[in-house]
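Going by the order they are written in, the chains are A, B, C, D, E and F; count residues from 1 in each one.
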Amino acid sequence: MTSAKTPTLLVISAHAGDFVWRAGGAIALATGRGELAKVVCLSFGERGESAKAWRAGRTLDEIKAIRREEAQNAAAALGAEIEFLDAGDYPLVETPELVDRLVRIYREVEPDVVLTHPLADPYNGDHPAAARMALQARVLAQAAGYDAPGEPLGAPPVFFFEPHQPEQCDFKPDVLLDITPVFDRKRKAMECLPAQQHMWDYYTDLAKRRGVQLRRNAGPNLGLPHDTMGEAYMRLYPQVTDVLA
Amino acid sequence: MTSAKTPTLLVISAHAGDFVWRAGGAIALATGRGELAKVVCLSFGERGESAKAWRAGRTLDEIKAIRREEAQNAAAALGAEIEFLDAGDYPLVETPELVDRLVRIYREVEPDVVLTHPLADPYNGDHPAAARMALQARVLAQAAGYDAPGEPLGAPPVFFFEPHQPEQCDFKPDVLLDITPVFDRKRKAMECLPAQQHMWDYYTDLAKRRGVQLRRNAGPNLGLPHDTMGEAYMRLYPQVTDVLA
Amino acid sequence: MTSAKTPTLLVISAHAGDFVWRAGGAIALATGRGELAKVVCLSFGERGESAKAWRAGRTLDEIKAIRREEAQNAAAALGAEIEFLDAGDYPLVETPELVDRLVRIYREVEPDVVLTHPLADPYNGDHPAAARMALQARVLAQAAGYDAPGEPLGAPPVFFFEPHQPEQCDFKPDVLLDITPVFDRKRKAMECLPAQQHMWDYYTDLAKRRGVQLRRNAGPNLGLPHDTMGEAYMRLYPQVTDVLA
Amino acid sequence: MTSAKTPTLLVISAHAGDFVWRAGGAIALATGRGELAKVVCLSFGERGESAKAWRAGRTLDEIKAIRREEAQNAAAALGAEIEFLDAGDYPLVETPELVDRLVRIYREVEPDVVLTHPLADPYNGDHPAAARMALQARVLAQAAGYDAPGEPLGAPPVFFFEPHQPEQCDFKPDVLLDITPVFDRKRKAMECLPAQQHMWDYYTDLAKRRGVQLRRNAGPNLGLPHDTMGEAYMRLYPQVTDVLA
Amino acid sequence: MTSAKTPTLLVISAHAGDFVWRAGGAIALATGRGELAKVVCLSFGERGESAKAWRAGRTLDEIKAIRREEAQNAAAALGAEIEFLDAGDYPLVETPELVDRLVRIYREVEPDVVLTHPLADPYNGDHPAAARMALQARVLAQAAGYDAPGEPLGAPPVFFFEPHQPEQCDFKPDVLLDITPVFDRKRKAMECLPAQQHMWDYYTDLAKRRGVQLRRNAGPNLGLPHDTMGEAYMRLYPQVTDVLA
Amino acid sequence: MTSAKTPTLLVISAHAGDFVWRAGGAIALATGRGELAKVVCLSFGERGESAKAWRAGRTLDEIKAIRREEAQNAAAALGAEIEFLDAGDYPLVETPELVDRLVRIYREVEPDVVLTHPLADPYNGDHPAAARMALQARVLAQAAGYDAPGEPLGAPPVFFFEPHQPEQCDFKPDVLLDITPVFDRKRKAMECLPAQQHMWDYYTDLAKRRGVQLRRNAGPNLGLPHDTMGEAYMRLYPQVTDVLA
C-alpha cells in the first residue's frame, strides 16, 4: 500500500452474529495492530437465527433491537466499527440498491482486505447471497465509470471465512490464521451473544482444531505452543507476494 | 523459523532445465536475499528433452554431459547450488532408493521452502513422478523413526511451479510472485540453455503475462510498474500466517 | 421420526411430466408402503415440452388443460396427490411469491423426504430454477421467524432425481433405488402421457440400466433378480444413520 | 446442416471490445470462408472498461459513442455485422426483456455456432451475466411454444472464448483453433481499439502461446509452421461427429 | 444378505491406531449389534507414528511390541478381532504379495461392510497406499478366476473414515453415523493408546462436532439429544436401497 | 496428416472383449472409410471376466484360448487387426517391459488416433492400469532419445471410451460419435462373444441412449433419423482444428 492511510479490514456478513464466530480472531488481530476494522451486517438475522427469541414470543422489532445491541457489544469487544443495513433476512434479497450501498461503503472505507462468506452454503441461502453482493460491489467499486462518490477501488484481497459445515460448503482452507494472542478477546466477543451460548464452546473447540492443524502445517520447528488457536480462510484471488513462504 | 540457520530453498525437478524456466525467479529472489538455494535434478532430461542433440547424432553420454554443464551454468547464474541424481528419464522410474536419497537430502538441507512440479501432466509423466517422490520423501523425512542421518524434518511449505500447459495440468495459480527485480538474472540463466533458445522468449512472454495478472490482483494502488514480471505457483498445503494479506 | 404423522414424500418439479419419468418409482414405493406422496408442478411445461401440441395448432389454454389432465392421471396411477402452481415455463421465473407458496406447502405437508431436480442442466433452465426455489423454500420453512402458518420445518433429506443427460448435468448417482416391485405401476403412469410415447421405452431402458448397476453394486450374493429395475438419485445433504450399510 | 442457408456465427458479448480480443480469429476464419458472422454487444463497456476516457473527463454519451465507433470498425475489419443492445454495464443487469431480445435474434439469425463468455469470472460479473443470458435465450428459442417470430431454433454448439485470467475462471481449453491465416486481420481489428493499445501485444502474445500449444497437441508430423497462432475455446455441449479426430 | 452368516465388518488400516480414532464408533456399534468386526493393521505405525518412543530411545522391535499390545487392547475394548500384517510403514510399500494376503482375508471373512482410509492424504502417504491395496484386493477377490481359497466375494459397500485434516484430503462426509450409544466404549478404546493422549480429547471434540452436524442434518424433529456424538464417512460406491431416507 | 500413410486407429484395451462393447462403432467407421484399425489386448480377461467358464470348470489355458478366438472373430467382424500381449489380468500389473512393448507398437503403427480406457474405474483396476500404460507409452514413443526402432511419434489424439458405470468413473462425454451406419457390424461383432450374451442388448440399449443424446445435441435441423445410434468418448487433450463446429 502506497498511501499513508491506516490499513482497513472490511467484513461483510449476512447476519448480526456471523462476524464474531467466524472472523473474530482476524478482526482482533487487525485492531490489535492498530488497523481499522469495519463490520457491515446486511441483516440482524432476525428471522432465521433467533429461534429462541421467537419461541419466547418477542416481536420482530424487539428481536432486531436485541440482535443489534449484542452485535454492537461484540464489535466493541473486538475494537471494530459496525454498521447495520437492515436489509432483512430469510431471505436476504439481492437488489441493485443494496449492492449500490455496498459500493459506496467500499469507496468510502477503501479496504485493504475484505472478509465475507463463501459462495456455497446449502444450509443457509443468505450467506451466499451476502457473498455475491459483497463481491459484485467490490468489482463495481473498481470501475472508473461507476457513479458513486470517491475514487475507484484498488483490488483488495478477499478471504472467505469458515461456514458451519465446511465440507458441505466446498470450504477447503487456504490459510490458517494464528489467532492465539487474541483468542481471549474473541471469546469475550462471543460471550456478548448470550442467546447462542452453545456456540461459545463449539467455536472454541473449532479454534483449537484449526490450531492443531496450523501447528501441523507450520512444522514443529516453529515452536508454536500446544494451545495454538486458529481460524481458517479461503482465498478468492491468488496471493500476490514477493516472497514464497 | 527459530534456528539461526540460513533459510534454504530446495527445488526438486525431473530434468536438468526445468528449474530455470519455471522457478528461476523464485531462486534468484531467494539468493538475492542472502538465502541458500539448492536444486536437485533427478535426471538430465537426456532422452526426452534433447531432441536436437539426438538428431545431431550425439551419444547418450555426450548429451548428459552437455545438459549437466548447461544446468550448472544456469544454477550459477541464479546463485544456486545444484546436484544431479542421474536417475534416468523417459521414463523417470520411481524407486525406494531414489526416494531414500531425497529423504537424506531433506534431512541434510533442512529446507524452509520446497519447490517441485505439479502432480498432473498429461504431456510428461516424468514431472508427476518427480513430484510424487519429492512429496513422499518430504513426509518420510518428518518421521522420527525413518532411518537416515539428521533430525526429523519440520513441515516446509511446498509450492508447485508452472507447467508448460497449465490448464491441462489442473494448474490454477494460488500465488503470483513478483520477480521484477531479478528477471534479468532469470533471463541470463535461460540463456545458459542454448539448445532451447525458442524457450527464452516463450518464458519471457509468460513472465510478462503473469506480471499483468499480478498487477491486476494487486490493485492499481500498489504502484507496481507496467513491466512487472511474475511467476505463478500453487500451494499444496494451506498457508500458515498471523496476518491476512 | 418421532410423531405419529403418516410419512410424507414431497416432489417438486418444474413441469407436469417430470415426476413420472424421473421419480415414478420412488413415489410408487412410498404410496405402496402406505405413505403419502404429494407432487407440486410449478408449471405445465406448456411452452417448452409440448412441441407436438403446438405444431398441431393447439392454444396455450388447451395445452395447459391437456397437460394437467395427463399429469393428474399419472399421479393417480402412482397413488399421489398433485398440485399445479401454474407459474409458467420457458422460462420458469423465480419470484419471492412463488418461493413463499412453496414455504407454505412445506409447512403444511411437513415432508419427511423431498425430491426435486438437480441444480445444473445446460439443456433446460427451468429445472435448476425449480430446484433452487425448492431448496430455498425448504430452508426458509425451517426458520422460526418466517411468517407463514404452521410449525418450523425439520430437516427432511433432499434427493435429486435423474436428468435426461446425467453426465452433462454433473449427476453422479449416490443412491440406486430398487423399484422392481413397482415398475409396472411406473410404466402405467408413463402411459398416461401419450404425447411423449417415445419416452416410455426410453425410461424403461433407463430403469433396466440402473437396475443392472444396482445389482452390480449390491453384489451377486444379494440374490436380486436379473430384471431388477432402478432409479438413480443424488443426495444434497449427508445421510444420517445409525448403521453403515 | 441440411438447409441451403449460409452458415452463420453468432457472438454474444458483454462489452463492445470483447469479441475482438477473444474471438477475432474465429470470426475472421468464418467470414473468410464466406460465412456470416454477427456480433451482439449487450453494452458498450462504457463504465467498466473505459477508465482512460473517464479520467479524460468524457461524458457517458461521448464514451458510448467512441466505443460504438471503435467496435464497428473492428467488426468491419473482421467482416462481421454488429448490433449494440445498449443494456448498460457495471453491472450488466439480467432482465426478461433482454433475454427476449436475444431469443428474437437467435430466431432471426438461426446461428450454426454460438460464441460467448465462460460462466465464471471473479474479475468481471458482466461476463457471466452475458453468458447466462446468451445460454438461456438459446434454450428458450428452441421451444415451439415460446412466443417470438420465426421457427424453433436447432441446437447450435456453444463455445466459450478465453477470459483474461483463464485459470481463475475455470477455463480449460477444449479446442485450440488455428487462426494463423487470419491473424493479420485480427491484429488489424485490435488496432481499431486505440484506447486499449496495451492489449494489442498482450493478445498477440497470447495467440503465439496458444499457437505453441496447438502445435504441441497437433504433433510435429502435421507440419504446422513455427509461428502458428491460436485461440482457445471451451465447449458447453459434447461435440457431435461421425469421425474421431 | 441372503446367507445365515453373521454380518461382518472389515476394517483395513495402515497403522495400528488408525481404527480407534476414526472408526471406533462404527466398530462398537457393529459388535454391539452382535455382528463380527475384524481389524487388519498393515503395519504398527512403528516409524511414522511413534515419535515419542523413538525420542525415548526404544528399539524398533520394542516399539512394534508396544504398538501391538496397545492396539490389541483397543480392539478388545471395541469387541473386535485384530490381525497385524507387519508390512512396515513410512513407507508402507504396495506389493502384489500384500494385496494377495488381503484378497485371502476378504475371501475368508466375507465382509458385509468394509472401512478404510480415503484415497488422498498429502500428510501421510501410507494411508492412501493402504486404501489402494484394500480396494484392489476387494475387486480381485470378486473374480471367479482369482486363485485363492474361498468363494468369489460379493460387492460389500466401502466407507472411507475421516482423516486428520479432512478438507485437505478431499473428504466430504456422505454419511454421519450416530455413535452416541457407544461413545463411552470408543473413549475407553482411545484410552488404550496412552502415547497419544493428546488425541483423546481431540477425537472426543471431533465426535461432538460431527454430532452437532448430525443433529442439524437430521432435523430437530428427530429428538436427538444435545450430546449426540458422530463419526463421518464417505461412500466409494452408490448406496443400494429400497427406500429413500 | 501430411504423409501418404493410410490413417490408422490404435485401440489399447485391458481385456479381450473391451474393444467390442465400447469402441466397436468407432472401429467399424474407421475400417469402413478404408483406414486401418489395430486392437491391442493386454490380457484375455481370463480371470476377471470369465466367471461362467470358471464355473464350468475350464482351465486357465482353455479360457484364454476361448477368449482369444472370440476376440479374433469380433475383430474380424469389425475389419480390425488384433494382437494379444497376454500380460495377465486381475491384476494387470504395470511393468516397464509391458510399457516398452507398447512403445514399440506405437512406433511401428504410427497411429493417427488412439482409443483406450478412462483413468478411473472403481470397479475394475485393470482398466485404469491399461490406460496409464497406454498413455505413458505414447509419451515415451514421442521422445527422440527413447531407444526403440522407428521414428519419434507425433501427437495422436487420445479418446477414452465409455466404461460400464460412466458416472462412477468421472466419465463425461466430450464427443458423441454417430455410429448408425455401422451399428449392424458392431452388433455382429458383439455376437461373436457368446459368453456375454446379456451384454448384447445392454450395449444396444446404450447405443440407442447415446443416439438420443446425439440427436438432441446435434439439433433437430440436422435431420438425423430417430434410430440414430451413438458411442460416447472423452478427450484427454484439447481438440486441434481450423473450424469451430
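In this text, a contact is a pair of C-beta atoms (placed from the backbone, for glycine too) under 8 Å apart; a residue touches a chain by one contact, two chains touch by 3 or more.
Predicted, not measured: the structure shown is a model, and the values here were computed from it.
Engineer: Which is the least count of steps on a path of touching chains running from subunit B to subunit E?
Structural biologist: 1
Engineer: Subunit C and subunit D share one sequence, so how far apart are they rotationally when you fit their Cα atoms? Give it in degrees, rounded to a multiple of 5.
Structural biologist: 120
Engineer: Suppose chain centres are the mean of their C-alpha atoms. Which chain sits farthest from subunit D?
Structural biologist: Using the mean of the C-alpha atoms as each chain's centre, the farthest one from subunit D is E.
Engineer: Taking each chain's centre as the mean of its Cα atoms, which chain lies farthest from subunit B?
Structural biologist: Centroid comparison gives C as the farthest chain from subunit B.
Engineer: Per the definition at the top, count C-beta pairs in contact and tell me whether D-F or E-F has more.
Structural biologist: Most C-beta pairs in contact, of the two: D-F.
Engineer: How many angstrom lie between the centres of subunit A and subunit F, each centre taken as the mean Cα position?
Structural biologist: Once rounded, the distance between the two centres reads 53 Å.
Engineer: What is the distance in Å between the mean C-alpha positions of subunit A and subunit D?
Structural biologist: Taking the average C-alpha coordinate of subunit A and of subunit D, the gap between them is 38 Å.
Engineer: Find every residue in subunit D that makes contact with two or more other chains and list them.
Structural biologist: Those would be 123, 152, 168, 173, 213, 216, 237-238.
Engineer: Identify every two-chain combination in which the chains touch.
Structural biologist: Contact pairs between chains: A-B, A-C, A-D, A-E, B-D, B-E, B-F, C-D, C-E, C-F, D-F, E-F.
Engineer: Where on subunit A does subunit B make contact in their complex?
Structural biologist: Within the complex, subunit A touches subunit B at residues 1-3, 9, 26, 29-30, 33, 112-113, 115, 152-157, 159, 173-178, 213-214, 216-223, 232-233, 235, 237-245.
Engineer: Would you mind writing out the residues of subunit E in touch with subunit B in their complex?
Structural biologist: 46-48, 50-51, 54-55, 60, 63, 90-91, 93, 122-125, 168
Engineer: For subunit E, which residues count as touching subunit A in their complex?
Structural biologist: 123, 164-168, 171-173, 198, 202, 205-206, 208-209, 212-213, 216, 226
Engineer: Which residues of subunit B touch subunit E once you look at their complex with the stated criterion?
Structural biologist: 96, 99, 135-136, 139-140, 143-147, 152, 236-238
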